[in-house]
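You will see chain A twice below: alongside chain B first, and alongside chain C after that.
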Partner chain A sequence: MESNWVLTSCGMCYVGCGIRVRVDDGVVTGIEGDPNHPQNRGNMCAKGKAGLMNLYNPHRLKTPLKRTNPKKGLHEDPKWQEISWEEALSTITERLGAIREDPKKLYVQAWEVIGDNFYWLLALGSAFGTPHLMGNASATCGKVIHPVEFFSGGGFHQQPDLHYCKYLVLVGTQFAIAARGAFNHILRDMAEARARGMKLVVVDPVGGFAASKADEWVPIRPGTDSAFALGMLHVLLNEAGIYDEKFLQHRTNAAYLVGPHGRYLRDPVSGKPLIYDAADRSAKIFDDPAVKEPAIAGSYDFEGLKARPSFELLREHVRQYPPEKVEEITSVPAKTIRRIAREFGEAVSIGATMMLDGVELPSRPACVDWAKGPQGHKHGFHQSWALKLINIVTGAVNVPGGILSTAAAGKRPFLWWPDGGTDGLLEDGGHILPLPHPKAFPGRTPTRPIRMDLAELFPLAPHFHTLLPITSEDPARWGLDYRIEVMLHAPTNSLLGSFGDIKMVERFYQTIPFIFGFGIEINETNLFDDIVLPFPTYLERYDFVAGTGLLIPHCGKDDWFWQVRQPAVKPPEGIRYPQEVIMEIAARLGILDDFYRLLNHAFRMKEPYTLEAGKRYSVTEVIDRMARCWFGEERGLEWFQENGLVRIPRDVEEAYIGPFIHARLPVYLEHFLQRGEELKEVTDGMGLKWDFSDYVPLPEWLPCPAYDAVKRDGFDLIAVHFKFPYVYGSYGNDNPWIDELCEKTGAYGVLIHSDVAKAKGIADGDEVWLESPVEKVRAKAKVTQCIHPQVVGIGGHFGHWAPGMPIAQGKGVNFNALLPTEMERIDKISTALDHCVEVRVYK
Partner chain B sequence: MMTEETSTVAVRVRFMGDLRAVIGKRDQTMTLPQGSTVGDLFASLCRSYGEPFVSRVFSKAGALQHYVVVFVNGKNIKEAGGLGTRLEESEIEIVMLPMFEGG
Partner chain C sequence: MANNKDAAKSNGNGKAPRWGMAIDLKRCVGCQSCTLACKAENGTPPGIFWMRVLSKEEGTYPQARTVFLPIRCNHCDDPPCVPVCPTGASYKREQDNLVLIHQSKCIGCRACIVACPYQVRFVAEDSKGYYGKKLTPYEEEHYQRWQPRTVQKCTFCAHRIDQGLEPACVQTCPTRALVCGDLNDPESEISRLLRQRVNFPPRAELGTQPSLFYLT
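Right after this comes the complex of A and B.
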C-alpha cells in the first residue's frame, strides 16, 4: 500500500486551517491539523475532521447537467439531463453573448471564499462589464463590521487582543468559542486568557456556547444592542468620567468643532475642520502643528456662531441613555449595566503603557467585541457603531489588550498600511490585495439608480444584494427598465442563506431566464439552475488564496503565513478545475485579456509573472506565477506543495498599528448628514418615501419592527439566529458525521425558554408550529433556561429540502425563510436585512 | 505650426463595471488636445455624461473613488502619475470594481 501525507488547507469553512491529509492508495483516509501552521497550530474542529465524508459523498455531482423542466420552483424537479462540457460551455457562452451589449443584465453571486473562485468570478463579472457582483453571502453578516472596521480601525475585521485583554465583553458574537476567522488559533488564545483570569461577559439573547464559557451571561432583548452600548457610554463618560482624553484629543475627531446644523466649523480658506486650542484660547486648523491642547469639552463662539467639540456632543447625547431607561429597552437590569461599565472602565486602565520588544505602547486591557448579532437589524449600523464607540473613547483600539483590526497592515511580502484622507480621518483601509475595500467614509454621492440592487440609494453601504428580491418584484417602481437575465453563481447555497422570505426569493429566481453555476451536490440553489457545473471539493483543488488568512488571520505578534492549497487527490473524471472553467468562459466571450488585466491587478502581478494577453494558462501555471511573483523565484507552486506554507513574522508596528497610523478615528460621523441630505433630494425626486432616521452623526437606539410587533397581531416572541461551531453555512450539512453531531446535541431543535414553554403547554422535544409573518414551519422544541424569555433561538443553516442532500433533508429550520423582506426591514445605511422576526409558537 | 495630426491624440476608452451601464456603451473613441492628461479625459467625460458619471467616479473634486481603477495602455495610472498621467495614442480602460468581500 502506498501511503503519503499531503500538506494543504481545510475548506470546510472559510477559515483555512492548515491540514495534513493522509492518502492511502489514492484514497483519503484521515485529516489532521498541521502543527506548523499559524492559522490553527495543529488544532482542527469537528467540521474539518468530517471533510472526507463530503469528499466521498455518493451524491456528489460529477458531470455537467442541464434542466429539461422549464418550470422552476422551490419544489420543482429540474429533470436533469447529463450533458458534455462542450454543450454546457457553448450554451453558457451563447446566453452570455446575448446580453453582451447590455452586460448589467448579468448577476454574479461570487461568494465562495474557501479559495480562488471568489476573486476569479468577480474578475470575470467585472471584465464582462456588469455592476451586479455579489461578494458576500449573508443577508446581514459583514454588512456593518467591515465598513465600520475600515474607518475606525483600518482593517477588514476586528479581534479582541486575547494576549493581554483582562476584561472582554462579547455582544452578539461567540468569538473564539464557536465562531469567527482564525477560529482554531483564537480558540486556544481564549482558553489561555480565561485561565489567566480574563473576565468574559457575554451579552446575547441566546445563552449558547460563548455564554457557557463566560463568567457572566447577560440575556438581552434582540435589537437593543445600541441601547446597551449607549448606556455603558453614559456611565463611562458622564457618571464615572472615564475616557482617554489624550487619545481623543489627538487621535480622533473628538476636538473638531461642530457648529449649527451639526456640521464642522471649517477654516474658510483650506476648508479643513477647526478645533479650539485651550493652550492659547484660539481656533486652529485641526492639523496645525502649533496645536497644543485641543479642547474636547466646552462651548465656543466664533463670529456669532456657537460651536462645540464633537466629543462634547457625544457626551451630551448619551445622557439620554441612563441605565434605568436602558433597562426598559433592553431588559438588562440598570445595576448590571452600571456595574459592567464601571468594571470595564477600571480594567481598561487609561494612561497605562507597556513595553513590547523595546517599543512603548499604550496598554488598554479591556474591549467590547461584536459581530453578526448587532449587524442584523433594521438599524444595524448604529446598533453596532455604538458598541465600537466604547473602544474608541477608551483608546482601546489597535493597542495591546484592546480591539485589534485584522490584516490591516503588513510589511511582507508587500507593504500595506491604512491611511488618512478626508478631514484627517482614517479613509483608506489596509488591504493586502489592491482591491476596493468595503467602506462607509466618506461615502458616495447618491444618484438615481441604474443598478437593480439600488446601490446608488445606499451611499454608505458596501453590499447591496438584499435589495434584489425587493426590486425584482417591480423594477419600474425604482425607475428600472430592465431585468436580470442571467445569473452565475458559486457553489454556495445563496437561495437558502443569502436572503430572507423564501417565497419572495423563489419569485426572484423565477424572474431570471437563465441561471448557471457550480455545484458540489445539488442543493436548493442548484434546483433553479438551467445548467450546473460540477465543482471539486477542497481536497481536490488548487488555490492561491486558501481561506481567509489574508483577511482574518489571528491578531497580535504570532507569525502570519501564506499557504497554497493543493489537491490531496485528483478530482473525479468529469470535474474540471474552476479557474480553468472561468478562463474558458472568458476566452469564449472574447474577454480573456481583460480578465487577465483584472487578475494581474488584483494579485499585484508584476513582470515577468503577469498573465499575458493572448496566452492560455493552466491553473497550476497561474498559481505558480503568483507564488513566484509574491515570494521569489524559488518559491513556486512546487515549493509550496512540498513545504505547505511560508511563515511571515510580524513586528510590533504590524501587530499593534494604533500608534503607527497617520489618521484619526471618528467619534462623530459628520458625513452622514451630508449623505442623508443628498439622498433626500434623490428620493424626493423619485417620489419615494424613505426613512432617514439613521442619517445622524451620533448613534441612536431605534426599534426593529419585531420589537413593537410582539405586542400585537398575536406574535409574542422574537426569533433570532445563532451559530454552532460544527456547522458552517449550509455546506457540509449533507455529511453523516456532522448530522450525527447535530442530532446528538439537539442542534435541529429551536430554543424556547422553559417558563414560556410551560405557559404554552410545550414539553421538551414536542413538535410545534413556528409562524412568522411570511412563513410557517414545523419545529422541534428544545426547552431551556438558556434563552431570553421573549426569544426563540434557531441555530445553524438547516431546513434543506433538495433531494440531492438526503442526509440533511427535512432536518431543522431554515431561519432565513422566516424573515419578511421589505424596505421597512432593511438598514438604510448598510442594507442588512433585519434578522430578528416576530413569531408565534404553538402546538 | 502644429498640424491637425500632431495637435491631438486619439484615445479609445473602454468602460467596465457600473460605468458601462452609465455610459450605455462598451467603448468610445475620443480626440483630445496633444498633452492632455487622464484628468483632462475625465473632465471631458464628466461634461458628456454629467452627474451620474461624476458621482460614481469621484469622491470629491480631483479624487477618484477607491473602486475606480484606470489603466492606460495596460498600466495602472496609480503607478504612472495618477490623473496627471499624459495621454498618447492610448487604449484606456476605466474599471469600476465591486467593493468586495465580507460576510
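Right after this comes the complex of A and C.
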C-alpha cells in the first residue's frame, strides 16, 4: 500500500488551518492538524475533522449542467441536463458577450474565501467592467467592523489580545469560544487567558457557548448594544473620570475644536483643524510641533465663535445615558452596568506600561469586542461604534491587552503599514493585498446612483449587496433604467445566506435572465442557475490564498504564516480547476490581458514574475510565479508542496502597532456631517425620503423596527441569530457527521425561554409555528433558561430543501428568510440588514 | 501532557504504564472537536460515538448556563466489563492497562454492555455507512477495523499509543481540555494536574477505579 501525508490547508470554513492529509492508495483516510502551523498549532475543530465526508459526498456535482425548465422558483425543478464543458463555456461567453457594451449588467458574487476564487472572480468582474462585485457573505458580514477598523484600527477586523487581557467584554459575539477568524488558535488562547484569571463578561440575548464559559452572562434586549455602551461611557467619563488623557490628547481627534454646526474650527490658511494649547493658552494647528498641552476639556471663544474640544462634546453627549435610563432600554440592571464599567475602568490600568522584547509599550489589559450581533441592526453602525469608543477613550487600541486590529501591518514578505491622511486621522488601513473595499474615511461623495446596489447613496459603507433585492423590485423608483442581466456566483449559497426575506430574493433572482456559477453540490442557489459548473472540494484544489489568514489571522507576537493549498487527491474526471475556468472565460471574452493586469496588481506581482499579456498559464504556473515573486526564487509551488508553509515572525511594532502608526484615531466623526449634507442634496434632488438620523458625529441609541414592533400586531418576541462551534455557514450542512452532531446536540431547535414556553403551552421538543412579518415556518422548540425571555434564538444556517442536499433537507430553520427586507430595515451608514425581527411563536 | 517521548518511555518505577485522561471542565467549551476527531480516526459507524460531549443546563435565568461533559470509556483499573466476558474478548492489556476488545473473539452476547455502568460500549447492527449501503472509499478502509454485531468502544487510540502518539481526541482539542498520560508515573503531567486540581472520577462509588478524571 502506498501511503503518504500531504501538507495543505483546511477548507471547511474561511479560516484555513494547516492540515496533514493521509492518503492511502489514492484514498484520503485521515486528516490531522499540522503542528508546525501557527494558525492552529496542530489542532482541528469538528468541522475540519468532518471534511473527508464532504470529499466523498456521493451527491457531488461532477459535470456541467444546464437547466431545461425555463421557469425559475424556490421549488421549481430546473430539469438538469448534463452538457460538455465546451457547450457550457460557449453559452456563458455568448451571454456575457451580449452585455459586453453595458458591462454593469453583470453581477458577480465572489464570496468564497476558502481560496483564490474570491480575488479571481472579483478580477474577472473588474476586467469585464462591472461595479457590481460582491465580496462578502451575509447581509451583516463585515458591514461595520471593516470601516471601523479601516479608520480606527488600521487592519481588517478586530481581536482582543488574549495574551495579556485581564477583563474582556464580548457583546453579540462568541469570540474564541464558538466563532471567528483563527478559530483554533484563539480557542486555546482564550482557554489559557481564562485559566490565568481573565474575567470574561458576555453581553448577549442568547446564553450560548460563550455565555456558558463566561464569569458573567449579561442578557440584553436585541438592538440595544449602543445604549449599553453609552451607559458604560457615561460611568467611565462622567462618574469615575476614567479615560486615557495623554492618548486622547495626542493620538486622537479628542482635542480638535468643534465650532458651530458640529464642524471643526479650521486654520483659514491650511484648512487644518485647530486645537487649544493650554500651555500657552493659544489656538494652534493640531500638528504644530510647538503644541504642548492640547485641551480636551473646556470651552473657548475665537473671534466670537464658541468652540469646544470634541472629547468635551462626547462627555457631554453620554450624560444622556445614565445607567438608570439605559436599564429601561436594555433591560440590563443599572447597578450591573455601573459595576461592569467600573471593573473595566480599573482593569484597563490607564498609565501602565510593559516591556516586550526590550520595547516599552502601554499596557491596557481590558477591552470590549463585538461582531455580528451589534452590526446587524437598522442602526448597526452606531450600535457598534459606541462599543469601539470604550476601547478608544481608554487607550486600549493596538496595545498589549487591548483590542488589536488584524493583519494591519507587516514587514515580510514586503512592507505594509496603516497610515494617516485627511486631518491627520487614520485613513489608509494596512493590507497585504489591495482590498476590494471602498474608502471608509473620509468616505466618498454621494451622487445620483447608476449602480443597481445604490452604492452612491451609501458614501460610508463597505458593501452594498443588501440593496439589490430592494432595487430590483422597481429600478425606476431609484432612477435606474436597466437591470442585472447576468449573474456569476461562487459555489456558496447566497439565496439562503446573503439576504433576508426569501421571497424577495426569489423575485430578484427571477428577474435575472441568465445565472451561472459553480457548485460542489446542488444547493438552493444553484436551483436558479441556467448553467452550473462543477467545483472541486478543498482537498482537490490549488490556492495561493488559502483562507483568511491574510486578513483575520491570530494577533499578537505569535508567528504569522503563508500557506499554499495543494490537492491531496486529484479532482474527479470532469472537474476543472476553477482558476483555469476563470482564465478560459476571460480569454474567450478577449479580456484575459486585462484580467492578468488586475491579478498582477492585486498580488503585487513584480518582474519577471508578472503574468504576461498574450500568454496562457496553468493554475500551477500562476501559483508558482506568485510564490517565487513573494518568497524568493527557491520557494516556488514545489517548495510549498513539500514544506506546506512559511512561518513569518512578527516584531513588536507589527504585533502592537498602536504606538508606531503616524495617525490619530477618531472619537468624533466630523465627516458624517458633511457626507450627510451632501447626501441630502442628492436625495432631495431625487425626491427620495431618506433617514438621516445616523449621520451624526457622536453615536446615539435608536430603536430597531423590531424593538417597537413587539407588542404590536400580535408579535411578542424578537428573533435573533447565533452560531455553533461545529457549524460554519452551510458548508457542512449536508455532511452526515456534522448533521448527526447537530441532531444530537439539538442544534436544529429554536431557543425559547422556559417561562414564555410555559405561558404558551409549549413543551421542549414541540413542533411550533414561527412567524415573522414575511415568513412562517415550522420549527422544533428547545425550551431553555439560557435566553432573554423576550427573545427567540435561531442558530446555524439551516432550513434547506434542495434535492441535491438530501441530508440537510428539512432540518432547522433558515433565519435569514424571516427578515423583512426594506429600506426601513437597512442601516443608512453601513447597508447592514436588520438581523432582529419581531416574531410570534405558537403551536 | 503526554507526548511521543512520554508515551514511548516507561515511568521508571517498575510498573507498567496506566494510561489515564484528565478532562478540564473549565476549559471544555463543547466544540465537539474530540467527538469528530474520534469518528474520523476510528471510522465509527452511524449512530455510534466512542467519544461524545454531553451538555446540561444549570441554574435559572439569568444565572443559567450550559455545562459540557466529555464522556468515553474510562479504561477502569477494575473494569466490570472484563470478567463478564465469556470468551475473553474483553481484556485489560497488560503492557499499559488499556481495556480493549479482541474483535475476533467477541460473539456479540452484550454481557459487557450490561455490565458497563457508563454506557460507552456499542454494537453496530450492520455495516451501513453514512451515505447508505454503498460505503465511501474512506469508510471501506476504516470499517475493516470492526465487525457488525460485535462490541466496539474507545481504544484510547491504542494504535496511536503504540506509535508514541496521543489519542486523536487529545491531539485535536483546541482548548487543551484533554490531557492524557501515565497515571503510574508521578512525574507525568496528568499526575501533577491531579495533585494540583480538584477532580473527580465518574461515579467513584461503583469502585471501578476509572482512569479518567474530571478537573473542576
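Basically, the second predicted complex is superposed on the first by the 838 of 843 C-alpha atoms of A that agree within 3 Å, B and C clash if a C-alpha of one lies under 4 Å from a C-alpha of the other, contacts with A are read in each partner's own complex, and residues count from 1 in each chain.
Criterion: a contact is a pair of C-beta atoms (placed from the backbone, for glycine too) under 8 Å apart; a residue touches a chain by one contact, two chains touch by 3 or more.
None of the values given here were measured: they were computed from a predicted structure.
Participant: Report for A:Arg194: first if it touches chain B alone, second if chain C alone, otherwise both or neither.
Facilitator: second
Participant: Under the stated touch criterion, which partner chain does A:Gly16 make contact with: chain B (first), chain C (second), both, or neither?
Facilitator: Touch status of A:Gly16: no partner.
Participant: Classify the contacts of A:Pro442 with the two partner chains as first (chain B alone), second (chain C alone), both, or neither.
Facilitator: first
Participant: Touching A:Pro536 in the superposition: chain B (first), chain C (second), both, neither?
Facilitator: The answer is neither, since A:Pro536 touches no partner chain.
Participant: Is A:Leu598 in contact with chain B, with chain C, with both, or with neither (first, second, both, neither)?
Facilitator: In the superposition, A:Leu598 contacts chain B only.
Participant: Would you check which partner chain A:Pro553 touches, where first means chain B only, second means chain C only, and both and neither mean what they say?
Facilitator: In the superposed model, A:Pro553 contacts neither chain B nor chain C.
Participant: What residues on chain A touch chain C, complex-wise?
Facilitator: Where chain A meets chain C, its residues are 24, 27-33, 40, 42-46, 49-50, 52-53, 55-58, 177-178, 183-184, 187-188, 190-192, 194-195, 207-209, 211-214, 217-219, 725-726, 736-738, 740-741, 744-745, 753-755, 784-787, 789.
Participant: Please give the residue numbers of chain A that touch chain B in the complex, ascending.
Facilitator: Contact set of chain A toward chain B: 101, 103-104, 113, 118-119, 122, 125-127, 129-131, 133, 135-138, 140-143, 145-146, 156, 372, 422, 428, 435-439, 442, 444-448, 450-451, 455, 462-463, 551, 594, 597-598, 601.
Participant: Would you mind writing out the residues of chain B in touch with chain A in their complex?
Facilitator: On the chain B side, the touching residues are 15-18, 20-22, 26, 51-52, 54-56, 59-60, 65-67, 69, 71, 74, 76, 93, 95-103.
Participant: What part of chain C is in contact with chain A in the complex they form?
Facilitator: 26-27, 29-33, 35-37, 39-41, 46-47, 49, 52, 55, 57, 59-68, 130-131, 134, 136-142, 168, 171-177
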